[in-house]
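Next, two complexes with chain A in common: one pairs it with chain B, the other with chain C.
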Partner chain A sequence: MQLKQLANISAALAAASCAVLGQDAQAGTVLDDWQFNSAILLYNETDRVSAGEAILSARGDFGDDKYLNLGLVVDALTGASATGAVAQPGVQCFTRPSGRGSYEVASGDTPLDDTFHDTRVQLDASWEQPLAPNWRLTAGGHLSKEYDYLSMGVNSILARDFNQKNTTVSVGLSYSHDTIKPEGGIAFAYAPMLLRTDYADDDSYQAAFNATRDRADDTKDTVDMLLGLTQVINRDWLMQFNYSLSMADGYMTDPFKLVSVVNSNGEVQQNLYESRPDKRTKHSVYWQNKLHLGGTYLDASYRYMWDDWELKSHTADVKWRFPVSEQWYVEPQLRYYQQSAAEFYLPFLQQSDSLPQYASADYRIGKMSTYTLGAKFGTKLAAGNELSFRIALYQQNPEQDGADAPGVLANVDLYEKVTAVMAQVSYSF
Partner chain B sequence: MTDVAVSRGKNCTLGQFSAMASPCEILLETADMTLCRELTLLAAAEAERIEQKYSRYRTDSVLSQLNQGAGQWQQLDDETAQLLTFANTCYQLSDGLFDISSGILRRAWQFDGSDRLASQAQLAALLPHIGWHQVQLKPKQILLPAGMELDLGGIAKEYAVDKVLQLLRAQFTPSSLPSIVVNFGGDMHCSRPRHDGSLWHIGIENPGLVDHAISAVGLTTGALATSGDSRRFLLKDGVRYSHILNPKTGWPVTDAPRSVTVAAPNCLLAGMLATTALLQGASAEAFLQAQGLKYWLVA
Partner chain C sequence: MRITKLQGCAALVLVLSQVTACSSLGVKPWERDVLAKEEMALNAAPLDNRLDDHIYFSKEGSSGGRSFAGGGCGCN
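Moving on to the complex of A and B:
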């Protein structure tokens, strides 16, 4: 008798209740439903990198709060990126990172390597399901491949709801293994960039070039840990706190970046391949608020990141969505980012100084502030489908940090600003 | 006509009225106050219709007429026949614990927070008149033995929530249907997820915090119903007697959770499962787990 009482009677009762209500019985607990999101993003930096990205993601509802998430991202980059070398009053000649071919940079221009192009394909998959009442597990993996780079990883998040699901605590762990195999191989730290014109023939140049190369490929392993707290403050306010720790071990030098060695008059004597530490531990704290304010929807977040490269950054991001008609909403966004330079960041090396253990002139790890100013326009279509358009301006402003520019460097722009425009179209169905 | 009040809430419009001894709310995701008023008036009229038909306090209700006609075969209208068929299914599936003929136990028990327990003699006099198995139900007819009474208190409010939402739904084409919540004193049903993807956060009574009274539950679609003893109980010698009575013994169920909330595709089903869970006493959670639906329980 006890067994009978504890049997699942909900299916039979569902049918009976639907009969009373004059509806067809629905399979209330087993919904086999897929939701798709697609987007195309175009990114264009003035005179530098252009990128196009297509995203398709799908979420399948397998009932009982079980979901399968699948994602595909394809992106293509082309254009020119800063090499790290300094601008000069005269024309400069550079060898491409592969060792084959060369390019010239005009007087006063920031050296850019214009052969930057790549296509990346990334696949993600994860499975979400409850483990026990109030416990939820998500486990997944990713595979990302581009011409010279392969990344594979696994991840999991365990979440526990408390306080009638008003509080969620989550713990995440992920591991990623990356392999880089740049064309032309990986140079020794501080290997000089050789110029074909300094050699009598191709063979002697190639032999010298090969001597600057240490290995064909290298790897990096990264472990990330996440501790999160999500709290419903009231019916209009959701707050989230995250702490994350990321530990990377392996090759983190950019094999395409150079550091210029200058004399006391600021004239480049030589360009060397950069060298970065092979360990990095990053910490970050993140605070997010999602608020309903009189028919509008505000998303405000702040992140503080610090690491043992002594790079510290602050990110503040505000998005505010409000309806402009029955069908359309507009969502302006302002994001401000500020970082201090990594301890080994140097815009150039002085010939008179001894070589430091590590040095990089990559502006992306130098002192910098950036802001993003954008707006998204979205509309609901029939059957709950959503179409949105987003346009944003992304401004990167590298800043001088200490180092005075000697001689001729005083007359060139060592910290060139970069302006980019992003446009995105998204469709959910 | 029932009095309705319409106001603008945060991110929604809200229509309110009183029916079935509960505060009733219609929550609409759009800012259209006129639409909200029209829907609320429809809702209030439908709630009043169901209340008039199934209230045991109104002597002219269909239910009171049935009770007065006990002892002879009586004709049933379609709606009442379907509700009684549902009650029959509930009785069978709950192994006799969910019994709409158990309402007369109220004569022995007043759950007023006092320590006045019923006497065994009182219960012994009532028990012979309890038991749905004694009722004969044909498709359109019922024979209720003399001395027995039916009480749809455990079904009517949840049924009204579902019928009201059905009526409001019928005012829209499927593609123009907004997110609407019908909430009658914590028993609620939502038409569809909100367009902005956010949850409806609706307070449900939390007996652990009687005067703070509510804690929010997020609702996207489907129904929620709550059964519990937040206000109706007896307390004697430190034992709390819930108002959930076992129809077989006439005694309050012991060791049951204080409150159970169940999420289900409709409110009738959610309410029936919440009540049946409480009737399982200490096995309430095991029963809920076996149902494969979401639930919240206050021990």
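Moving on to the complex of A and C:
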């Protein structure tokens, strides 16, 4: 009896060890079905924001053309961000958006809030599979969290191949729900930035500050629709054409941005928190070409975007990959971007004018052109792995749009250029 | 102005639909050697594009085009 039990136990152990070994062998196979991409980016603006961003993405092949895509993004930002207030010939004092603490800006300098820092973690996942011959469905979602911001979203793309897979038509839909909860709450539109020094004690300052705050948090809902057409032109030429519609509803004011109110001599009388519309509808058309030219690979795209904030933009992006040896390639990159100002963009408000319904002095929605000049160097390693390095210079050139600078504002830089350097290392395995 | 844009879009779609209807466009399945290379993928460097989109989303007034434009962060 005991012998029989022992025999049963040893048989069970053998089966278990086989199972474990089998699983080990299987684990190796499973990992072989996964492709990983990783990248680290460092972004540094002269005297302003510095950011680091790390991405790991994984794509699992589940057979029968079924794939699972997983992504993890971690980024950290620190440094100084333009507040929207104008530079002045004298020193200016500002209160931080949280209402706690203050900072001074030197004469002639563009006001920057230098305590800006945040860390963000984003997770995303998507599943793609064929639905029927020539039909393909991708469905996914994302979750992004930073200290004062939460974004959750779902998306789906349905694609249909025609003409021996030379033509693909796709339809995509995405919905995201964002919640912002800035430190110190959300100010009323055009609430004044108060200074502690104007109050006798902390309590009276705090009571006045609290009276400028409307609510603790707010939300934004965004629905995006994408229509895509991909066409193989010939053996060396692939083309894509997209139309996108994006409708956002909710809080789109930047709770950290100010607009200066100036007198007829350009001297700041007061700084107010900005106010933007709570609806925005954006349209864009995007046209991309992939060309194989004498052993080189050209990726050229153009985007035209327009929205009901009256912001219009043109973007041209060219990447051209040249093989320089069996393993190495070099890819010069050039991007040019040009936008018109949103209709409510104003670099400052005049004291003599009544307040408009909306106003923002955020240069990012003002008239501006930017260019990016970069190069990527990559090498193929053993087992299909790839290592690449990318370096780029990003230049923003904000421009004057109509408003003449009165008095002392004529002697300060209202449209300061911003230069950034990006360095990136990527590894695929 | 908007009608002009819509007309422009419609014209472009029409041109492209004509282009796709043309029988000389495209390749046979055995002619996909170059198109099958990863360098020829529309999204050949997905992480580069993702990082770029994030930077430009936070630094400029436009987003999307290649893919969805929607939220994601409160980037400054």
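By our rule, the second predicted complex is superposed on the first by the 397 of 429 C-alpha atoms of A that agree within 3 Å, B and C clash if a C-alpha of one lies under 4 Å from a C-alpha of the other, contacts with A are read in each partner's own complex, and residues count from 1 in each chain.
Methods note: a residue touches a chain if its C-beta (ideal position, glycine included) is under 8 Å from a C-beta of that chain, and two chains touch if they have at least 3 such contacts.
Treat the numbers as computed from the prediction; the structure is a model and nothing was measured.
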**Prompt:** Is A:Y297 contacted by the first partner chain B, the second partner chain C, both or neither?
**Reply:** both
**Request:** Check whether chain B or chain C contacts more residues of chain A in the superposed model.
**Result:** C
**Request:** For A:D64, select first, second, both or neither according to whether it touches chain B, chain C, the two together, or no partner.
**Result:** first
**Request:** Scan A:R213 for contacts with chain B and chain C and give back first, second, both or neither.
**Result:** neither
**Prompt:** So, A:R96: does it touch chain B (first), chain C (second), both, or neither?
**Reply:** neither
**Prompt:** Who does A:D236 touch here: chain B (first), chain C (second), both, or neither?
**Reply:** both
**Asked** Looking at the overlay, what does A:R160 touch: chain B (first), chain C (second), both, or neither?
**Response** neither
**Request:** Take the contacts of chain A with chain B and those with chain C, and give the residues found in both.
**Result:** 163-166, 232, 234-236, 292, 297, 321
**Fill in**
In the complex, the residues of chain C that touch chain A are 5, 9, 12-13, 16, 19-20, 25-29, 31-35, 37, 39-42, 44-48, 50-51, 54-56, 59-76
**Asked** Taking the complex as given, what residues does chain B use to touch chain A?
**Response** 10-11, 30-31, 82-83, 85-86, 89-90, 93-95, 97, 159, 162-163, 166, 175, 193, 195-196, 198, 201-202, 206, 215-218, 222, 264-266, 268-269, 272-273, 276, 280, 283, 286-287, 289-294, 296
**Request:** Could you pull out which chain A residues touch chain B in their complex?
**Result:** 1-2, 4-10, 12-14, 16-23, 26, 28-29, 64-65, 133, 163-166, 232, 234-236, 292-295, 297, 321, 326, 380, 382-384
**Prompt:** How about chain A: which of its residues touch chain C in the complex?
**Reply:** 37-39, 41, 43, 49, 53, 55, 57, 73, 75, 77, 81, 116, 118, 120, 122, 142, 144, 146, 148-149, 151, 153, 155, 163-167, 172, 174-178, 180, 220, 222-224, 226, 229-236, 238, 240-244, 246, 248, 254, 256, 282-286, 288, 290, 292, 297, 299, 301, 303, 305-306, 311, 313, 315, 321, 337, 339, 342, 364-365, 368, 370, 376, 390, 394, 396, 422, 424, 426
